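The same chain A turns up in both complexes below, where it pairs with chain B and then with chain C.
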Partner chain A sequence: MLTATRPPLPIISSRKLAFPPKFKIPRQVWVSNMDTVEEEKLGLIDLHPEVFAERPRLDIIHENVRWQQLYRHVSYAHTKMSYEVRGGGRKPRPQKGSGRSRHGSIRSPIWVGGGVVHGPRSPKSYFYMLGFNARLNGLRSTLSAKLAQDDLQIVESLDIPTDDPKYLEALVEERGWGPSVLFVDDHDIMPLNITAASDAYGHYNLMPVYGLNVFSMLKHTTLVMTLSAVERLEERILFHLNRNDAAEATAKYKLSSV
Partner chain B sequence: MTSLIGSMISTLGATLKYRSLVGTANQASKVVALFSPEWTTVRFRFHADKVAKGPVPRRFGYEDKIFKGGLLPRTAYQDKRLPIPDYKPKNSWNEKRALFGQNDYIDILGPSNEITQKTLHPTQLLYNVPHWLRGVKGNEYQVLLRKRKFVQKEGYPITHPTKWAELNVRIKKLYKYLNTKTKSPFWKHA
Partner chain C sequence: MASVIARSIIMKQHSGAHRLSFATSIKIKSCYSSYAASPKEKSPENYTRYHEVSSENWKFVERLRPHLLVPSYPTDRNYASDWIPPSDTPPNLPYFVKRTKNFMVPVYLNFEEVRNARKITIIRHIEGDIWALEQAIKSHLENVTKKPVVSRVHEVAMHIKFRGDYVNEVKKWLMNAGF
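Now for the complex of A and B:
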């Protein structure tokens, strides 16, 4: 049993929201610790409603998931045309006289082993770009759904006392966090202990804020974010919501622009 | 005639018992005619009597199919399993599947250059897609033209002469086909 020594609680009592909401109330969440297996609530913070309290749009979430699955997909299915199949240059038999049907090549599409006429031709890309706002709202909807369904947990930091995988498993089981957990931190180099501990399990995954996406949030049951990750995420999303120079970012995707 | 009637009477022994006679019957006469216009015979058989006589034909006209589908019967001495591949469930949490979709929103959530305000775009991270196909959508003709443009500069004609020839042949054939055989917008037929 590990006991943490820390100053008197609550450590975090308030958080100033950027672009304070005018007509929506901020949502409040507990901040927990990762030092001990048992949960210790360290404080209560506000979350911006524009990010975490949007009415979840299932159609937008679906669009985002479909886009993520398709835009990187390339089909390598390929069939040869008649002229590409090996052989078949010679007329199999004279036009007349044999009593059999007439043919010009043994690789014509009506022959077995012949070419395929309108078959797949590789490579075929299914790339398309979803609109900027569709993706932004997909993130907002998914985050809101996660919070509303009690699948969003805020922790102070991802520092755990040991690199034993059993510690992490016990912690997750004790707190009732789902079978699969996605730990999100601001920085992409995570503390050593949690990296080693989660390495043993495929269903505990670590991700930086810039790697966050709708598909991963839906694949993992619980989303555990650090305070700094929440700050960064809110800052980014609110920046895009309130910027006035978004013409370039929200413009239709052009190959030459990247 | 009498013997026939007699045999009929003996087989229809039960019938005769329940024959109700409408009209006056000549009690004295021993031979009772089977038919008379004066009386109506109510002739019936109880199902119990039918069953008592013997097996009652059921589902008359039904053709029984011996094999109705499903597994074929196996003989007792057959101890070899039929060849069927072992089921191996896919690992939903291997690294590729667990982290699928990571960095797809890097242009929204990632850091932007302070001066140019530019971010990384997800198409720049498609490492498993051929470099001339990253962020590209098109029909076969468009894709092959782009491939030729890129690949020519990288020495493809020297390193892959046959494929280079095939590529050019395919482009030529598609050009002729699309420009002579199709009227509608070319992306509908290619």
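Now for the complex of A and C:
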């Protein structure tokens, strides 16, 4: 069994919160290691309540999930209109004299085999941008829900001693981290060992903090974040909550914007 | 500009010629959108000199630049407007109304129907027992206006709406409560 040599614990004992909350108490979480399969608690840190202890808004979470699924959806369903259906250029019979009803074309919508009037016309894009604050509060609600339901784990870093996939599986099973795990780090180039180990499994996924999104957080049972990822995430969310030029950020999304 | 220079050079060289042979003469090749083809930067001596006037005067530039984050309010003076800062200790009540990031009380006047003069007063950023807050503000408004007040509590979004324009009364009540 691999044992890590470490200085006396706790290694991480305090964390200064940016924009210290006035009346809300910070939430405390353990910081674990990834060096050994057994969990070793390295310290206790504070998490900002405005990021991790917001009242989860299920309607906003739903809006975010719906947006993430729909904004890139293109419907290719297509029906032909009267003028597109083959044939139907000639008047089937003279206007008067036959005793039957009058028609101008055999492909008009009232005929069997004729065109469809208001049917789907491909390609149809379902792109839309959810408002900035809806997306921001979606992240806050989901993070708060994850923490409240004991599905948020903080680790020191994603360095593991071997690239054996079995090590990662044993670690996750030992700690009860749920079937699927999303590992989030600050940098988008992950350590080699965890990249190789998690590559064997579709349910262990790595993600940089800029890719964090509501859908992925809900899809994976457990969210494992590194300390640097937590720092970066809190800094960005708190900046957006306290920025002076919110009008610029929350302006209507323009496709032509650079 | 380059083509003008090229043409003037050609005119000098073929002063007697009646026709300009631009294609066979000087080729000006400066493509500034491509790194490989654009002229490289020279050492600083080739460019206009600059000198620092004063580094103490930079503060006059800095105070004109926009703030990235909302600056805090000054605490050392009285304010001429109705605005009072939030209290430093939380009021001993089962609810809390947080100020906006610009330290304003989150009470707004809405017109929610088109072509209709119906006014709605909305209180946002409520935490805690929203029903107790609604009861407290409703009884206060009924005392002040001597009329029944219609309200609506939205527990998910955590806001309260009153039918009518009671923005100033609600703001005053909240500020006096210390929120």
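Following the convention adopted for this analysis, the second predicted complex is superposed on the first by the 236 of 258 C-alpha atoms of A that agree within 3 Å, B and C clash if a C-alpha of one lies under 4 Å from a C-alpha of the other, contacts with A are read in each partner's own complex, and residues count from 1 in each chain.
By our rule, a contact is a pair of C-beta atoms (placed from the backbone, for glycine too) under 8 Å apart; a residue touches a chain by one contact, two chains touch by 3 or more.
Note that the structure is predicted; figures quoted are calculated from it, not measured.
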Chain C versus chain B on the shared chain A, clash or fit after superposition: fit
Contacts of A:Phe23 with chain B and chain C, given as first, second, both or neither: second
Which of chain B and chain C A:Ile194 touches, first, second, both or neither: neither
Which superposed partner A:Val184 touches (first chain B, second chain C, both, neither): neither
First, second, both or neither for A:Leu241, with chain B first and chain C second: second
Which of chain B and chain C A:Pro123 touches, first, second, both or neither: first
Superposition-derived comparison: chain B or chain C, residues of chain A touched: B
Angle at the Cα centre of chain A, taken between the Cα centres of chain B and chain C once the superposition is applied, in steps of 10 degrees: 120
Chain B versus chain C as contact partner of A:Gln68, first or second or both or neither: first
First (chain B), second (chain C), both or neither touched by A:Asp59: second
Touched partner set for A:Leu47, first chain B, second chain C, both or neither: neither
Distance in angstrom between the closest Cα atoms of chain C and chain B, superposition on A: 10
Contact residues of chain A, present in both the chain B and the chain C interface: 245
Chain A - residues contacting chain B, complex: 68, 71-72, 74, 83-84, 121, 123-129, 132, 135-136, 139, 180, 201-203, 205, 207, 209-216, 219, 233, 236-237, 240, 245, 248-249, 253, 255, 258
In the complex with chain A, residue positions of chain C that touch it: 66-71, 90, 96, 101, 127, 156-158
In the complex, chain B residues that touch chain A: 91-95, 98-111, 117, 121-124, 126, 128-130, 133, 135-138, 140, 143, 166, 173
Residue ranges of chain A in contact with chain C within the complex: 22-23, 55, 57-59, 239, 241-246
